[in-house]
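Order of writing sets the chain letters: A, B, C, D and E. Residues in each chain are counted from 1.
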Amino acid sequence: MNMKTSTADIRGIATLPLLLTAAAIILLFLLPKFVTSTYALHIMILIFISVIMGSAWNILGGYTGQYSVGHAAYFGVGAYTTKILLQYRHIAPWYGVWAGVAAAVATGLVIGSICFRIRGPYFVLASIAVAEIFRVSALNLPGLTNGAEGILITEVPPFKIGNTVITDFMSKVPFYYIGLVIAIAVILATRLVQNSKLGYYFQAIREDQDAAHSLGINLTLYKNAALAISAVFTSLAGSLYGLYVGFIDPGTVLDLGLSVQIVMTCIIGGIGTILGPMIGAVVLVPFSEALRSNMIAQALIDSGLVKEDSPLGTFLKEQLSHAHVLIYGILLVVVILFMPDGILGFIRKLFASKRKETA
Amino acid sequence: MALLEIRRVSKFFGGLAANSDISFEVRQGMIMGLIGPNGAGKTTLFNCITGYYPPSRGEVVFNDKRMNGLHPDAVCKLGMARTWQKVRPLARMSVVDNVMVGALCRTNSLTKAREMAMEQIKVVRLEQRLDARAGSLPIGERKKLEVARVLATQPKLLLLDEVMGGLNPAESEEIIELILDVGKLGITQMVIEHNMRAIMRVSDRIVVLNSGEKLAEGNPREIVANKAVIQAYLGESDA
Amino acid sequence: MLKIGNLNFSYGDLKVLWDVDLEVQEGEIVTVVGANGAGKSTLLKNISRLVKPGSGSITFNNVDITKCAAHEVVEQGVVQVPEGRKIFPQMTVIENLRMGSFIASARKKRDLNMDRVFTLFPRLKEREKQLGGTMSGGEQQMLAIARGLMADPKLLLLDEPSLGLSPLLVKSIFEIIAEIRKQGVTILLVEQNVFQSLRIADRGYVLETGRVVLKDKGEALLNNEHVKKAYLGL
Amino acid sequence: MKKLVALLLAVMFVLPAVALAGTVKLGFINSITGPEAPIGENLTNGVTLAIEDLKAKGIDVDLIKEDDTGKPDKSLAAFEKLATRDNVVGIVGPYTSATANADAKLAERYKVPLIVPAASKEEITRQGFKWTFRVSGTTGDYAGVLLDLATTLGKPKTMAILNENTDFGVSGAKSAKEIAQKKGIKVVFEEAYSKGSPDYRSTLAKLKATNPDLVFMVSYVADAILLMRQSREIGLSPMAFLGAGAGFSVAQFAKEKEISNGVFSSTQWTEEAPWAGSKVLFKRYVKQFGKPPTYHAACAYESMMIMGQAAAAAGGDREKTREALTTGKWNGILGEVRFQDYDGYQNQRKAVMLVEQVQNGKHETVWPLKDAVKKPIWPFPGWKK
Amino acid sequence: MIVFFQSLISGILIGGVYALIGIGLTIIFGVMRVINFAHGDILMIGMYLTYFLFTLFHIDPFVSIVITIPLMFLFGAFLQKVFINRALNALPQNQILLTIGIGLVMSNTVMLAFTSDYKILTTTYSSSSVEILGISVSEPLAVSFAITVAITAALYWFLYKTDMGQAIRATAQDREAAQLMGINVKRMSIIAFGIGSALAGTAGALISPTYYIFPQVGSVFTLKAFVITVLGGMGSIVGATLGGVLIGVAESVGGVYIGSGWKDVIVFVLFLLVLLFKPSGLLGTSKD
């Protein structure tokens, strides 16, 4: 489906989507000027991180068909490298981030050489196993990672060019812009991939590995290429998270739950499309935040739909926040059973059937 | 000049010999037919030639280069491309994209690849279906798509595995024409086929396999007259 | 006995069967020939309900089997020996045969039928403890047919029983099929081996790209010019 | 539906919450769900009791509870929301060391007073922060009081340390090692185990082979019970079992008397703690929530009491609240609480630690001797067959 | 040396329970080709069931399996019929996420109902042991090992000697051929999922007296179950039995000589090695 759009794009870039995209980007760049709520910015930063992770995974999982459920490994390697260099070697994150990227790519190539020999469900299990090995190793190598205690940084050193301080990282705004820029970069990268030989080869591998092989596609090379691109951005997301949140430990940045969450962002949005991970992130991050802080219950009560002192109101107020993971689980089950192509696929189908009706 | 030489190739699975001690050569520019009853080891031989299996014994020499141990992608790059008995369209990609994947073997430019792809799509006459999803094509068009896709890799030697399987006589006729056209372009071909009439028409030379062994080799006339072949292939001598 | 009327079937966008009409009378051997991919196996899969039925009717002894589940079709007495044998590889010969008589009606006659298939295929008796997956192609084909017979079928559907077998074996398989018919089992045979299969058939159908293009007596089809050209390469 | 969505967006991004007149608005961050939730529940309950008592004192608290599921990023989001959207005067929480560490940074940035009730990792109050206060004792306090007891009652020469490899376990073990070495006790065995393994027998067998005088363990309750059960199985019988708070000081542990009798554990508060109101609070808690409280509940209770009073006195001003916390002195169920700067700590309460020993299936306060209810049993009497 | 044998023995005993978990998963995978990520959570349900039977009705955990087995069977059959069955033809990654979702729903429902408190089931024999040649053998573990052996034997008998059992194996080996034998494969799937769940539940019951119970306990076992199943060869029951014991021993012995924090790494490295060099598993025979 996406190939079809790309065919059109090469012949002549459609103007309307381009204008809309430009408008959206400009709006996002101006947003911090109008929105002063740091809480809103915080949510936006989390959304950016989620978009970066989802889009990065999408290149490997959505386009190349290699469903890694171990992407926390690259996230964690990025976060740890940057922070270890900052904390123990006093290397500014501006450089450390790239060391993180290099480390994540190197990790990816090692993992790839192991896991890409395996196909299908076994690949999924192998990717989980590798990520778990990373997590447990990080726990058990306190000399390197400070083990279970994790690494806490209190200040990110200011970013300077020459002697001019560009930003001192004291507010959310620099993180907002960094997140936005990386998110745009990963989306741009996805587009570039989609409209290049790489993209064709990735999709060929996804559709049929043997056929792809027979058409002169070096499977190992191209799968690793997809993984490398994916690892670069996942690692950047990890570094950004580490610097922004300030604290990392194996239980947060190398967790299996994180890997699942990355995949979920894509599946819920729509796999193998540029928009999918964005939709997934924009839906999931605020939704889970709203559930966590019990805003849904509060909103229901404030809107007058549910009376606060009614049994339902009390129940919602008391229980709904406890139940957020439960609701998350239910959402997952529902999406997979009833919208296997994600929200994007569901909307497309809806439009397609409407068009048929009117026609 | 021999473009492809099969030298005493054997392939074992467990204890079973799927190919044993097969030798023959395919000369530049010819169309070689490969026939034999089901299970005779034709597809296994294709797999050994194109790098899907390493031969257990013997050598495959293509263009004076020993091919043993090369992977399918390297084999394709060297100019030997195959189709699949059971077609393998890249289902969620369009027809033109499918063929472009083949063409990208020779170029890095999408524009160039698109041109090359269009050329081959014309050869197989699928111009009408450019943007259709490959997975939605009927069987006959899928087979053509597969031929176009391998042609786009610009092979010196094309290996066709039952491209007429499942086609009606009219469609088969189109494929026969296609094979002959491709032959005229100077591309050497090796064709596995069940359709006897077709194989007799297109082949310059035929190798017959039976139970993994080479039973006979010769031009179509010789093969039709060969007692052993009739016995093995048509079932009984009184056919 | 079996009546197929106006059967149409598609795999997704791909239409495989077009208005197929076909009939099998009790006691007959009916052969459906056609090239690889003509829709022969799909036809059998429709009868056995391995796929969701397309439009059209399939009745067996006046029971509409398009409404049955796959296992209920077997309970009606319609048993298929599938293409590629599909032996249970990790089960012994005996276990495979026992599975053949899984349905309640056949379970009662298990011992009787076991004797019957062992007389038909003495080779299986010799190998009764061997795992299905370790047997040769010919033995597997025998086992597949024997397993089908264990279900005590009224109508036996055979999908390409000669596939991948040596000429000698092919010959004996067809002899056995003829023998089975003599024992009172009606047979619907699907084959690429046009010559052998039409020779033992009472009637035959030629299927091309999902359509029935010819139907006639077996011998008559063998002598049909179109059949000769298209399938026998003569 | 549209109305609801619009409202939800409004709630999330735009509307700053309106403060009610006459009340003080406070935040509470806790692990309500997630793996730490069982202990988190104690904190929630403790805070609930504190709110009641504050009300009795005429201080109406508008409390906003936030769940951080034990994860630092979620905790930051919660802090962010409380500090910038809900505009609370002060925040109590979060529970775990990892989340507390993350939130302390934000407290500094947003200048919101934060009282950490129960996290014991030393670093939290060693970063030069002005806005983070800690009621809880540190890991060093836990180990220190136990080794004081051990060296007073006996002459142990060697010690084995077994801890879970979590933030809490590792920092506890680290402090224990430092203090042991200071006191001239040789650490002959150190191992961090992965939480949640059903079988520690082989590890314990290895520990037993080093024949230590003291066995020092840092674990939550489930593993604490498992470790003691399996110690009994393999017949590990040192001079004393020392448990650093947490799992070893929970009633559930004491109830398993076959395996818990004789085990020492350090704690910040007990029913018999020598401070006003301890017994009363204990009873009230049991009555209201149907189970006995841990010291976490008491720490959370006291933290909220302090925050509530300080904030009310400061009239809802954050800076003034901070000043009140820095200079103030409170007397509650944890005895006298002052936030002091010492030994590299800032705004840290010098915790008075207690040691309990399980005797007949009940935690009895045995140390310091002046506050002891029962006499400590020393050395470990061995396993009953 | 004592330390070595001690760890070997406890590894084997724990391994017996692991085997039970692995066999359950392998049967489910064999018949349905679905990787069940909710397996550990099913085990968790079994643990809670055992716990409440013990605390409310004072039924000994080892006796209560008589109740646990049929109840867990029904529960598994229900899960299969209502959820898994709808995704039988879905992409494997979607199936994985579906079962992850089901697992989340299960563990969080339990948490809402019973809080996330650790529940400890203390029997009179929870910490009893007998000493044999200087090695202590945990009594409850030994008993559960014996029960495991008995259940495994009974399962073998069922799968190899009864028509129903053979039909399940047949469905696992070739679903389509099984349909042609008149086997109702949908029913077999339900039964297989039921058996898998019953085995997981039983494993939960058997470790309850020596372990602890909380809503998230399942995740520990889900990952282990995969390793065991792949190690033995997906779908191979003998393999899963062997794999379980092997993992038990590897954890136990590796924990002593490499460090108990590294247990999981040892297990996962073993897992990757098998995937790489013998992808069909130690006892697997499938060609691909």
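Please note the rule applied: a residue touches a chain if its C-beta (ideal position, glycine included) is under 8 Å from a C-beta of that chain, and two chains touch if they have at least 3 such contacts.
This structure is a prediction, so every number in the text was calculated from the model and none was measured.
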Chains touching both subunit A and subunit D, listed by label: E
Set of chains whose contacts include both subunit B and subunit A: none
Between subunit A and subunit C, centroid-to-centroid distance (C-alpha), Å: 53
Length of the line joining the C-alpha centres of subunit C and subunit D, rounded to whole Å: 74
Approximate Å spacing (C-alpha centroids) for the pair subunit C, subunit E: 41
Centre-to-centre distance between subunit D and subunit B (centres being mean Cα positions), rounded to whole Å: 74
Residue list for subunit B, restricted to those that touch at least two other chains: none
Of all residues in subunit D, the ones touching two or more other chains: 33, 165, 192, 194
Overlap residues in subunit E, where contacts from two or more other chains coincide: 108, 111, 259, 261, 264
Complete list of chain pairs which touch one another: A-B, A-D, A-E, B-C, C-E, D-E
Interface residues, subunit E side, partner subunit D - complex: 2-3, 6-7, 10-11, 14, 17, 108, 111, 115-118, 120, 122, 126-129, 131, 136, 138, 207, 210-212, 214, 216-217, 220, 248, 251-253, 255-256, 259-261, 263-264
Touching residues (chain side subunit D, partner subunit A) in the complex: 3-4, 7-8, 11-14, 16, 32-33, 65-67, 69, 71-74, 76-78, 80-81, 84-85, 97-98, 101-102, 105, 108-109, 121, 123, 127, 165-167, 169-171, 192, 194
Residues of subunit A touching subunit D in the complex: 35, 37-40, 42-43, 46, 136, 139-140, 142, 147-150, 152, 154, 170, 241, 245-249, 251-252, 286, 289-290, 292-296, 298-300, 302-303, 305, 321-322, 324-325
Parts of subunit A lying in touch with subunit E, wherever the complex brings them together: 61, 67, 69, 114, 117-118, 120-122, 124-126, 128-130, 132-133, 136-137, 139-140, 256, 260, 263-264, 267, 319, 322-323, 325-326, 328-333, 336-337, 340
Subunit E residues within the subunit A interface of the complex: 35, 83, 86-87, 90-94, 96-98, 100-105, 108-109, 111-112, 219, 223, 226-227, 230, 259, 261-262, 264-265, 268-269, 271-272, 275-276, 279
